[in-house]
Structure formats: C-alpha cells, structure tokens
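Quick notes on the structure that follows.
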C-alpha cells in the first residue's frame, strides 16, 4: 500500500513541475512589471522594481527559485497590492471561507445526487425515472450564472421580503459557525443545484450498470429482497466509481466557488486570485495558482489511493 | 422405474420478450416433469432458449422486458410459480429451488467475502443464529471439498481459483438443502479436469440430499456423463426428450442425430478428412418459419415440413419427438 | 458532388446512424439545432439582423414584454420618454436636424406642423405634471378613476407625436417590442436572436478546433506510442490540473492590451487550450483499442505508411466519438461564454447571452426578469437540444452505454 502511494506521488512530480513551468511562462507573457507600474512609469523605476522583485534574473533561475520555495512551503513573498502581507498570510485568511462553501457543497451534492440516482435506477424506465432524468438534463442546460442570479433573488431578496427578516444574506461574509447559515448556505444550495444535473445522471448510470451484473441475479436466486439487493449488493459495488467521481468533482467545486465568491462577496481563495489578476499582483497570482495546482495534484493522488482502499480487488495489487 | 410423483411440473411454458422489433417468443410451449433425485439435462445450442426456460422457472427475468404467456404453468409443491407473487417467489428461491450459473467470477459479488455470501442465504431461509450460520457455512465449504475452509471463509472471490469459486457457488446453492438445483452451464467456464471434479461433486451431493438437478449445457459429453434424462431444444422449441442412454443410442430427431454425429470420435476416420457439421444457421426469433424450425437444415426434409410445424408426439417409454418423419429406431 | 453522395451513403449505412434516425426525440433536437444554425448563418452571411439593430433604441428603458402589463408608474415614465425625446430635439440648436433623427426603429415622427406639435407637447406636459404630483399613482388610481383616464389621455397625446408604422413595418416593430427592452431601451428579442449567431460562432469554432486538436493528438499518442504518448499524456495532465477558470483568466489577461483585446480571439484560444483535453483522452483510449484490431495489421501488411493508416483507417472509426465530443464541447463553450462575460473577459463588442445575463443582474433586483428570462430561454433550448442529441448519439453508437 505505501509503495503504491509513493509511486503515485512520484509519478505526479514531473506533472507538477510542468504545470509550474507553463504557468510561470504564461504569467510572464504580459510583463508583470509593466502591468503593475503602468506604462507611464519611468525606466529607472521599472528597472529598480524589476530587480527588487527578482524578475530580472534569467528565467531558469526564477523557475528554480520558485520551485525551491514551493517545495519548502515558503510563501513569504510579499503581495504587491496588500503591502506588508505575505502570500502565505493571504492564503491563510482566504482559505477558511472557501472551505466553508466547498466542503458542505460537496457533501450535500453527493448525498442528494446519490439518493436521486438510487431512486431513479430503482424505478428504471418508469415515469419517475424519466421525469427525474429530464429534470437533470434541463438543469444541466441552464448556466451557473442564471442559478446564481435567480438564487440570490429568490433566496435572499424575495425570501427576506416575504418573511420580513433576513434568513440568507444577499452578500458578504463573517467567520464563525453561527454565521454559516446566513452567509454560506445559499451559495452552497446553489452550488448543489448546479452540480446535481451532472452527478445524478452519472450515478444513475453507474447504478443501472451494476444492477445488470451477474451477481445481482445470483442474489435474487438466493431469495434476497429487492431492497437489500439495491442497498447492499449493488450500492457497495457502485461506491467504487462513485467515490472516484466525488474526488474528481472536488476540484470543480473549488472552481465553482470562484463564481460564488465573486458574486456573494465572500473573501475566499478564488476571489483573492481573481483580484490579484486584475490588480496585476504578481506574487499572489503566481503563489495562489501554484497552490491550486498542488491541490489538484494531491486530489489525483488521493483518488488513486481511495480507489485502492475501496475496491478489494485492487488492495493486494 | 417406479412411478414417482414429479417434484416439478412444467406445462406449456412460453416466455416472451419485448424488443425494439416487437414481441419475441424465446421459449415456446415447453412441458416436462422433473422427478426427485434425477438429473435432467437440457441441451441445445446457444440461443435455443434453455437458459431462458430455467430462469423462467425461477422468475429471474427482468419484469419490464419479459413475460410468461398466460397458459404457462410451473407447478411446484401446490404452488404455480408462473402466478406466484414476489413474496412467495422469494421464499422458494434459494430455499426450495436453487440456481448456479456459468461464470462464477462474475456471479459472486466481488466486494463481499465468500463466507458473507453463504451466510446471506442462510439468513434469509433459516432461523440459525450467527455462530450456527458460520458453522454451517464452514461445513458447506468442507462438503464441497474446499481445503482449509476456516480460512477460506474470510476470503474474497478474486482470491480463489475458478474451480473453487464454482464450488462456493454450489455450497451457497445447497446450504439450505433445496429440492431442486438448476445448474446453468456450471462447467463451461472451467477447464476439463476441474469440470470432471465439479460434476462428480454435484452427483455426490445429489445422492446425499436427494436433490433433483436440472443441468443446462451445450456439451453432449457432460450430458452423457451425468444426466438421467435429457430434453433437446431448438429455436425455443422442445424437439426431443427421453432417457439419456436411449437417445444417445437411437436419436429419433434429425437434429439430435446431427448433433451426435458432429462429435469427433477418436479412432474414427471421417470421410474426406472433414469434421461433420450441420449446415445453415438457427433461424432468428424474429423470422421464424411457419413450418418446422429445423426444416432448412434437415437432410430428410419434405414439403410437409415447410408447411406445417410438427407437434410433440410421445413415443412410449418416456420418449417424445417433434418431427413429421422421425428417424427409425435402430435395431 | 459524388463525394457528397458517397458520404451520405456511408453515413446511412452505419447502423448507429439508422438507430439515431429512428429516435424521434433526437430528430426533434436535430431540427431545433438546424433552426438555430440556420438563423446564425442568416445573420452572419446575410445580415438579416445587423449589429446596429441590436444597439438601436426601440423604446423606453426596461420595458416589459407583451404579456406583462406594466405598472402605472412605468406607463407614465414610458410615455414621458416619447414626449421628452421630441422636446429634447426641439431644444437643440438645429431642431430640424434633431427632429429628423428622432426615431424608435420603425416608429417615426408624425408629419405635423410646428404648431400642432407644440400644442401636443404643451398638453402632454400639463397632463404629466398633474400625474407626476401624485405620489403613489396606483393608490391614487384606486381612489379616483379619473386618474386612469388622465393617464390614458397622456399616453395618447404622446403617441400622436409619432406616426404609427403600417403593414410590414408595423409587424417588425411589434416584434421588436415583444420581449421588452433592456436598460438602454434596446430590443431584448433582437439581441437574444443576434446572440444566437455569437453563440453558434463561439461554439462551432471552439468545439471544432478543440475536437480536431484533441483527436489528432490523442490519435497520434495512442497510435505511435513511445515518447509521443508520454508527451501528450504529460501535456493533458498538466493542463487539466490547472483550474479551468484560472486558465481562462490568465489567458485573457495575456491578451489584455494587445490588438486582440475585445474580440473573440482570446475567448477562442482560452476555450481551445482547455477543451482539447476531453476529446484527446477519449480518442486516445479508443485508438488504443482499435490499433490492436486486425484491420490495422492488415493495412500495415499491405504496406501503408503509419500516418496514412492512422488518418484514413483508424480515425474515421472514431468519428462517432468526435461527434459526441463536439456536441458536448459546444455546450461547454456556450456555457463558459456566459461565465466569461460575467467576469468581464468574454465578448465585448457584440451582444451575447452572457452579456445579457450579466447586464440583467441589477434588473432582477427590481423584479424585471425579461432580459435574463429571454437570454436563458434561447440558451436553454439550444443547450438542451445538444444535450439530448449527444445522449442520443451515445445511445446509438455505444452499445454499452447505459441510458
């Protein structure tokens, strides 16, 4: 088992190196110093700034320096926009809000989608299944943004008017579990609805496929009741692709949280990154992107490991 | 042979499937009796309906795609299985009638241990408590001659060889001591030496538990080895039935004869050095001819065969054949 | 011509295609898509709707569509606009020129004498002042039925300043107002339909190029193996590990300030660079399976070059996957455009559904749903059709697909 984990990690190292390379190149296409200082800066100021930030070095040296920092988890570079605050500091501040939206969304989506997928596959071919799947396709056809706009309208404005109070905040964020329902629940619900279309269809397909397998016939031949077959025999086998799928959607949820953070003014990692890009805050941009890519890679490795854990056939490999 | 009461009576079993191109009858008006302690073979080529017939008895076919025609009767112990509801069927399955399948690897649930799967059958049909069930599971593994059963019981299907998996299937099927065991091509996926062992095992268990066995196969060698009586099916129809020895010595239906002829026999030189085959192919179930279904491949066909399908005629001494011009009895 | 005929025959000979054609729902989806593509082509090549038409003012701001009766306050404001437009023109330094330019699409000024016009204006402003004094028009109307009558007279007066269009022009004008106007008085219907062209353009270009790149790279990787395969796998692992939105924003920022800014090129390149991965993976998997088949060995034995075998023999067998991926990517591109426009990185010089949805954010707060509703409706129909089509394609061509 451990050798398997180590192997997966090692395999992903060159991938990560490649990502950092591509990203660093891409971010330097538009000269970050010009972008930051503006075209009107004097040549002396430009040169001084460039050297001060280490951007005058040849690229390969910048690359290696940055890699060194990443692998040492050194995020002490100072932000250009928020003076005095390091990239690491910004990360620490913006991480909890992102987590507050992403993790509950993941749990809620998985729970609901698996249940709906189960119901759909149980009534396969009948009108309930067809209705649910049509709703799923319809849901998939609407843009994320439309859900956000309407969600904010109905969930916040209209609802608050109706109950003459404030259940969900229209925007904003305050830390603390007591404030979660007010600030985070609506974005989480929206995130769930968006993902449900895709997930439900996939889970249903997985379950229907498992239901067609031989061991299900054997279980029926033993006299097992239908519900036990669904929930015990089929589900345990279906969990294998389902879990891998959940792991794969985690990065997409993080991306989706970008939009929610922008829209609901939640100071999470996504919003921080987008702000950094628009204010040409180079160290933050570079740092955050490196962190995001790292999260992706680690998710990949975690997926491989989880797969090995859940499927007894892989365990001994 | 003393007159015994049949343990299973199948009358006019007809199973239909709803397909994109209309309703198709996979099993057409099949009737037979099964007696306690005997091994009944159902033989025929792929697609002839033998598996569908056996699954129909157990009502294991997908309900939204298939149905039994109303004249079908499956009489088992004062119950008509063709009309039984799901609750009644669940009591019968595994407990009174058990079934084992062709591919033991895919037929066993890969994420549960062998012991768990046997235990499940016991849980549904017996009142034994946990430790009693476990003891019984171990006992069953020993009965099917799996070495070191105490350890094996905690293993997963992929950790066992093909032959052992099939033994586990048999253990699972017989742990509740059913009256009938339906075995759908149990040895097809195994190699020949294991095949012989499994068949011997089944024979031994049959004698011990007085279980009737329905053995479905396309392999005439297997039929010869273990079956007492045999039914021959072709394109959904029962075309010949009778005691094994009689049929092998003197087949009356041209198809049966051709099947037996096509088995290469050691020591016999074929004329021209070629193996004997049956020319032509089985008719598709969507395009069945109005007359005898074997007509276009039959050496002895006549006009009457193309016009009118023959009925199943009893020939005495437990034999029956569906042919206008059955082959003569050999002297 | 013969090639087309041969192509058709081959197409219909495919069992999957026949199966697809029997699926009635899929045919409906295909019909819908054809209509959309047809509209897009008409706009693109024949200027059935010009860009100017999408930006011209056709009426008052934020006017609801035909089915919703506007509030009394709104009606007052709308009629006031008509009045005001004429008034402003008269107040300009060269009134004749200004008057000549007053129009709301097909709605032109009535040919009136200066006195007639002035009389109408005076009467109009009087009525307006009376009505404007009332604080809550709706409440006042309930108390005093005369208020409603006065409002109607006001509207009529304002209307008399203009000449009602007749015949064809009348129909066109009514159509423009069918779904209301946005905050700048532009026709929502016209903009929604024009967006079809934009969306189709983006979808087709992005999806086509992505599928082509993905297919060629994936096919080459699987077929030639070795370092080509390693390179391609490394490439797509790398690109897929970057959050897609981050990739888009980085690319968009790369183009900022360059001569491509504001056009569709940044959008195209962003899509292609992130979308090529999916078809690449799929085609690579398929070619890995296909290359073991005997027809490849046979072709090699005859002496065909490897590249020729890949292009002429192997890849055509992946055509169904290419189509499926094309439709999925088309959908992805349309939906991504909406998000890009929201972030300010998408289409800038033309209307698009993303732009419309983005603009509608403030309107929604004021209970005005026409713009977002219209854009969403047109978009959902197209995306739904493609979703249905790609499902049907998978059902038809992939025997193991679970529907």
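Some points to look at:
Letters are used for the chains, namely A, B and C, taken in the order the chains are written, and counting of residues starts over at 1 for each.
The working rule: a residue touches a chain if its C-beta (ideal position, glycine included) is under 8 Å from a C-beta of that chain, and two chains touch if they have at least 3 such contacts.
Source: prediction; values computed, not measured.
Interchain contacts link the chains end to end along an open line, per the touch definition above. Taking the mean of C-alpha positions as each chain's centre, the chain lying farthest from the centre of chain C is B. Averaged C-alpha coordinates give centres for chain B and chain C that are 61 Å from one another. Distance from the chain A centre to the chain B centre is 53 Å, each centre being the mean of its Cα atoms.
The geometric centre of chain A is 28 Å away from that of chain C, both derived from CA atoms. Taken in their complex, chain C has these residues touching chain A: 234, 237-239, 241-246, 249-251, 253-254, 256-257, 331, 335, 338-339, 342-343, 353-354, 357-358, 360-361, 364-365, 372, 376, 379-380, 383-384, 387-388, 391, 402. Those residues of chain B lying in contact with chain A across their complex are 58, 60, 64, 86, 89-95, 98-99, 101, 103, 106-112, 120-121, 124-125, 156, 158-159, 169, 172-173.
Interface residues of chain A, counted against chain B in their complex, comprise 124-125, 213-215, 217-226, 233, 236-237, 311-313, 316. By the touch rule above, chain A contacts chain C in their complex via residues 12, 14-16, 18-19, 22-23, 26-27, 29-30, 137-138, 140-146, 149-150, 152-153, 157, 205, 208-209, 251, 254-255, 258-259, 262, 270, 273-274, 277-278, 289, 292-293, 296-297, 300.
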